[in-house]
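First the structure, which I've put down as structure tokens, then a few questions once you've had a look.
Chain nomenclature is as follows: A, B, C, D and E, assigned in order of appearance, with residue numbering initiated at 1 for each chain independently.
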Amino acid sequence: MMQLIWNGLIVGSFYALVALGYSMVYGIIKLLNFAHGDIYMLGAFVGFFTLSAFGISNETSIPLLLVVLLLSMVTTGLIGVGIERIAYRPLRRSPRLAVLITAIGVSFTLEYGVRQIFGPNPEAFPIRLESSGFDVLGMRVTASQIVLVVIAAVLMLVLAHIVERTRQGRAMRAIALDPTGAQLMGVNVDRVIAMVFFIGSALAGAAGVMAGAYYGSIDFLMGFIIGLKAFTAAVIGGIGNLYGAMLGGVLLGMLESFGSAWFGGEWRDVFAFGFLILFLTLKPTGLLGARVVERM
Amino acid sequence: MATTLEVRDADVVYGRVHALRELSFTVGDGEIVCLLGNNGAGKSTTMNMLSGLVRPRSGSVTWQGMDLTTAKPWDIVAAGLIHVPEGRRIFSTMTVHENLLLGGYTVRDQKAIASRLDEVYAMMPRLAERRAQQGGTLSGGEQQMVAIGRALIGGPKLLLLDEPSMGLAPLVVKQVMEIIAAVNAAGTTVLLVEQNARAALKIAHRAYVVETGSATLEGPAAELAKDPRVIDAYLGG
Amino acid sequence: GGGSEAAADGPIKIGMLAPFSGSESAFGEYMQNGAQLAVNEINADGGVLGRDLELLVEDDACDATTAVSGANKLVTDGIVASVGGYCSGATLPTLPIFDEAGIPMVIPAANSNELVDQGLPGVFLINGTGDQQAEAAVTYAKQIGATNVAVVDDATSYSADLAGAFTEQATAAGLDVVVSETITPGENDYSAVATTLAAEKPALVYWTGYYQEGGLIARQSQDAGFDGVFLVADGSVDAKFAEIAGEGYTENVVGTFTQTPDMIDGADQWIADYEELAGDPPGPYSTQAYDAVRVMAQAIEDAGDTEFDNVVAGLEGLKDFDTFAGPLTFTDTHTLSGGGFVIVAIDPATGAFVLEDDLQG
Amino acid sequence: MVRDLDHALKHVSLRAPAPQFERSRPPKGVFTSQQGFMRALGLLAVVLVAVLPFMDASRYTMSIATSALIYVMLCMGLNVVVGYAGLLDLGYIAFFAVGAYISGIFTTVLGWPMWAALIATIVACITAGIIIGAPTLRLRSDYLAIVTLGFGEIIRITANNLKITGGPSGIHGIPTWSFGPWSFDDGFNLLGIDFPERVVFYYFVAAVVIVVGVIGAGRLAKGRLGRAWKAVRDDEDAAEAMGINTYIAKISAYIIGAVWAGMAGQLMATHLSAISPNSFQFLYSALILMAVVLGGMGSTPGVIIGALFVSLAPELLRDFAEWRYLIFGVLLVVVMLFRPSGLWPATAVLPWLRRTRPTPPAFTEATAVPASVMESVDGTPTTDAHEGDRA
Amino acid sequence: MSALLEVSDLRLQFGGVTAVDGLSFEVREGEILAVIGPNGAGKTSAFNCISGFYLPTAGSVVFDGKAIVRSVPAIWRRLGLVNLLQSFGFYRVLPSRVTKWGMARTFQNLRLFRELSVLENVTTAMHANLREGFWATLLHTPGYRRAEAACVREARGWLDFVGFEDDEQLYVTQLPYGEQRRVEIARALATSPKLLLLDEPAAGLNFNEKLTLMRLIRKIRGLGVAVVLIEHDMGLVMELAERIVVLNYGKEIADGAPEAVKRNPAVIEAYLGVDESEDA
């Protein structure tokens, strides 16, 4: 039981990290950024590339991991900004689903671009977190899991604080609600949106590196499923709400963990999605999403 | 009075709609200038052009030496030209207080924001009552108050008001006009678009009549209020 | 017969469907290169029936729809024989197409029993079937004295098929199947199944999916406290497995597999040839694809022409044809008489799978 | 069942006065009116589709053409759901799967004849549409998106796990249509050209179904129901205020889409004779949606073009081998950047008619990405998408 | 004259805010009633309850003999399931139903269908009165064609009625604000109402346009339709209304003939201010 919760928490933190960027981007420009999962994949490959370039393999050092983490975050952040600039910004005034299509296009491009460069085979990530475990409260916990959860939690809390409490965060929410109105308040819409893409992509990149180091293998399609899951998590949490995204990520992790324990792995997703559908019909705005009363 | 805002021969085109045709007018420093005109005459378009939301195809628009035809809206706001748009544009899921705070987005001086907030709440007690309510759930008139209050917090040098009295109760219209006059007296230049011409002309120094995208009449407000053409079209007998 | 009338003197076209996009796309290249190597060798030796062979390759993306259009494209392009087929799910719907067009198939990798269960005359499998591989796994389990075993699959057709066969045969052999789990491929976290394995502690777990998830599960289950034997099926037998699982996690890993060149004396030259052609070392199913071409070429040669019935007769008539997996003779059901499965283990120095036990004893 | 409006309105006291002045009628003619041109174009398309097999009846051409037509069918169905009713459905492929599996199971496991399986398919799709639509169509777009996505995955995983659906390898050996002693497998000879393969039949069947579908969808869209859908898409509250039960409007669109996809599924199952869960992955829902948006939401010609693009582009790019999805991805981005409202938007106006027709509207909040200032290249101002916002 | 609409003891709360507080009034057939009151007095909220968009906390609304607000059994209330049930359509009358019964409304902020043409906006409103079967639509039966033609004819009639003379094929977003208001009224009329609710129809109109609007509202009343209008423009209200209801803080503070209301000190204090004559 405790073990299931702990397992759920680990997966959940990955979902949450990716969901956060998903939710931010969605929140601000109403874009279901299908390429977001691929940014996660890029993060892992940036880490892989840098480390391989320095001939590093089979490392276990945590400081080195942090350095790579930072580097990948900056790189994926910039890539995210670049993608927004090239593929999304020109379409800001177009129908919302149009951007969805470019997002899918970007996703294909990233996936198969990486495939061309690194090949279709999975690669082993050069840094490996030490994974010997110990037992507490009836669950088996490893040091690397703790490191992981701590890094994820810190990243998320810092971010959530920025968005919910600061002037920039207020500007983000204002753009989400009415970009023209936000401009009239003096908000530099282009810059704030670029910033959101930077932060969101950096978080996804961080998640990618952490996944590489924790699980050990990366491949060009690794972003696809987690992208879907992150989207789901973001929605469960109440899309656009950052604490919701985190909570949604963890909840989804738990659902999966319990789902496979109770119904078997093959029915896990059926359980998770079934629960989700039921939950949303009863609470149509997600966990933390506020009901917007529309004025007539 | 020194001219601060000068619009010369501005043309704005939306697709095939020619909204502004060689529109020219000026606003002097410290003035209240009112634009009158029928629906669709191009008043809101003018306002949007000044705040950088819409770019003229030709003509020049300068304010305090700043070229408004190329400046970005946020730079224009940062320079002190603040626009209270038609349709209010309240941030619906943000509270009244947050809406007001956003009005001070470009203001670095936290103390100034705090004291202006107090002033706004004092001027419009209804907002103080509703400070934690979501903007989108306010009544139409309450939203209008937020929109005006929000602009004041930005500390405008030139305030653009697009139909500020729309949807306000008569008593509040009077208050709003008083507020505008007071803000102006404190040194802010005001450009006002109003359908309630009677109330607007009372506080304005000068006025223009805009018809199909061009200024057709101009003069001191008091004189225009007596002009039969204006009475006929905008004031009623 | 469809394409055989096409060009009686141009090259003999043989087609291959394999995944080049999607999650299985790594295997397409291995297969293509293996087949191409065989074609090159045969052409260097004077071709078949005095004509050159030409290999046409199409992507099936491991997806039924793509595979069907690929198959139709090959038929339209005038192939007379097919030597492709990696994913059973994608290969199945192509069977009637090749059948109707009168094109015999030697399927190098896909090995679901369903492929031959339909009884189509032109379908031959040169990879051992699920039943045969499961048999090898059960034999090994008994050999190490396991009484309770577990099986994990990844819900793909090949893997589920094999897991089913294993469960059936293991139960029949008196083994206790204590865990039977399915995972979703393409993810990273398999702690759920790892936890179950650690809790149930079977003496042996049979993983019937691919190496990517296999490596992760091997590692995660050991982290969780599982210490039994981790037996993997042929989809996981690849040097990448050790890399993914990581150092120190491969001691208990063994696999069921057909023989590969490095297990055979004198195959170094083959590997060198392959590397020269492809630029990379051979991977899973390079050898089978290579053999498929050779088997097909031999059958055509024996048939004397490319007519469907004659080629099928040629294939059926092959006797102890020399392949990497040992001498080949097709059974009545067009499968291998013996699966030729052996047990391989990971060499800690290189991470590659090497022969451990040929299951003959 | 159908009654005249005059009759229907008898109980209503209020009638509008007769129109005071005649408004100009839209012109007719092939080149002088949009409608006339579209009809001509449609006819041309039908002719092209009809002659294709006479020009190239090779298996490959026929099979990708048939797959493309099935794509067109799917996209048209999704267009009703997304394009007309504005319901963002990310699990549309699920109904395709339901159709394919129901017909597969009923014909192979239960041995029903194909036509009976078709009826079962329709019933199953209606049921599925109601089961999934009834509780969830109250949700607004993004929540609906995730619920439909989840539903699509549930269907696929279930098909993958059940015995009766053949597990991961699916169902094969699905029989083809037969009428008495004659079946699609038997060839025939027309005008001296041999059509030995059933492939050609499915091509024609698909083509006929699509022609019927295009006409039907066009008619529905113009009628009472179509107006209700578009109203709901534009502004749900206002639609309610107009006496439209928005819930019923939405669910009817959803069910029509479901049945249509189910029929496509049945066609594909019999055409391929084998189906497996792999063909119903989320990716395909995304691809269909992509085709609809790429072509132009709510626009029949657009959707057809989009479907052809999405289904044929990877085929035509086959020769680029591993590069093809990379090229496809870049192509998608480029096309969207140049045609943001789709290749042939619903509001498209023929260039030479542009003067006499209204320009397309600014997008509503519901479908528009938030606007921001963009410098337009030619210096003309961009329109303001938020005029008259909801307060 | 009998009461067409009876509102009694209507109450609407949002958390701590009481938007409507025990409001009762009635509308008789064919009359023009104005509802006025300070900003935030609860006028729009009351409209929303009456037309079925909001579910009031308490009270009853009866229109043309039919109850618009349904009472919920106490048990659901106690279980806290009221909202859930109502969101699934139980114990509530949907706005579309209310419209079918003969009540139409416009919105304070225009809510036209922006992606439909002017004509389609109006024909859409005839939804409830139009009998077009699914198969008839597909098959284009003669009955369908006749119904469709009649529907277009009728829609054009309404456009003419409100004085819309521009191109009916234009998208509504291409029209100036005043014209859009007109189309919105035509659209409401096309639902064949007995009662028309107008929420600040004169906002944003200039003097001349207000005159036109006044004429239009009289014409509508001439059709036998009762009109309830929320307005801040006292000139227009005084000119048009036969009766005025005044709200303040959700409560009714006056109800009567215009002249009486105008002189009511409570109304002057809360709403008009001392000198209202200038707001023509």
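Heads up, the rule we're going with is that contacts are C-beta pairs under 8 Å (C-beta built on N, C-alpha and C of every residue); 3 or more make two chains touch, one makes a residue touch a chain.
Chain-to-protein mapping (UniProt): A = Branched-chain amino acid ABC transporter permease; B, E = Branched-chain amino acid transport system ATP-binding protein; D = Branched-chain amino acid transport system permease protein.
The structure presented is a predicted model; accordingly, all values stated were derived computationally and were not measured.
J.: Suppose you hop from chain B to any chain it touches, then on again the same way; how many hops at least until you reach chain C?
T.: Contact-graph shortest path, chain B to chain C, evaluates to 2.
J.: If I average the CA coordinates per chain, which chain comes out farthest from chain B?
T.: C
J.: Averaging only over C-alpha atoms, locate the centres of chain A and chain E and give their separation in whole Å.
T.: Those two chain centres are 46 Å apart.
J.: How big is the gap, in whole Å, between where the Cα atoms of chain B centre and where those of chain E centre?
T.: Averaging C-alpha atoms per chain gives centres 30 Å apart.
J.: How big is the gap, in whole Å, between where the Cα atoms of chain C centre and where those of chain D centre?
T.: 39
J.: Would you kindly tell me how far, in whole Å, the mean C-alpha position of chain E lies from that of chain C?
T.: So the centroids are 72 Å from each other.
J.: Residues touching two or more other chains, restricted to chain B: which are they?
T.: Residue numbers touching two or more other chains: 52-53, 72-73, 87, 89-90, 92, 136-137, 140.
J.: What are the residue numbers in chain D that touch two or more other chains?
T.: Residues 138, 160-161, 237, 322, 325, 359, 363, 373, 382, 384, 386-391 of chain D each touch two or more of the other chains.
J.: Where in chain C do residues touch at least two different other chains?
T.: If we look for residues of chain C contacting two or more partner chains, we find 21, 25, 155, 182.
J.: Contact residues on chain B for chain A in the complex?
T.: 51-53, 72-74, 77-78, 82-83, 85, 89-94, 98, 101-103, 105-106, 134, 136-137, 150, 154
J.: Taking the complex as given, what residues does chain E use to touch chain B?
T.: 14, 17, 37-41, 44-45, 108-109, 174, 176-179, 200, 203-209, 211, 232, 234-235, 271-273, 276, 278-280
J.: Mind pulling up the chain C residues that touch chain A in the complex?
T.: The contact residues of chain C facing chain A are 21-23, 25-26, 28-29, 155, 181-184, 186-189, 191-193, 195-196, 198, 211-212, 215-216, 219, 223-225, 240, 243-247.
J.: Quick check: in the complex, which residue numbers of chain A touch chain C?
T.: 3-4, 7, 10-11, 14, 58, 112, 115, 119-124, 128, 131-133, 140, 142, 211, 214-217, 219, 221-222, 224-226, 256-257, 260-261, 264-266, 268-269
J.: What residues on chain D touch chain A, complex-wise?
T.: Interface residues on chain D, with respect to chain A: 82, 88, 132, 135-136, 138-140, 142-143, 145-147, 149-151, 153-154, 157-158, 160-161, 237, 282, 286, 289-290, 293-294, 297, 322-323, 325-326, 328-333, 336-337, 340-342, 363, 367-374, 382, 384-386, 389-391.
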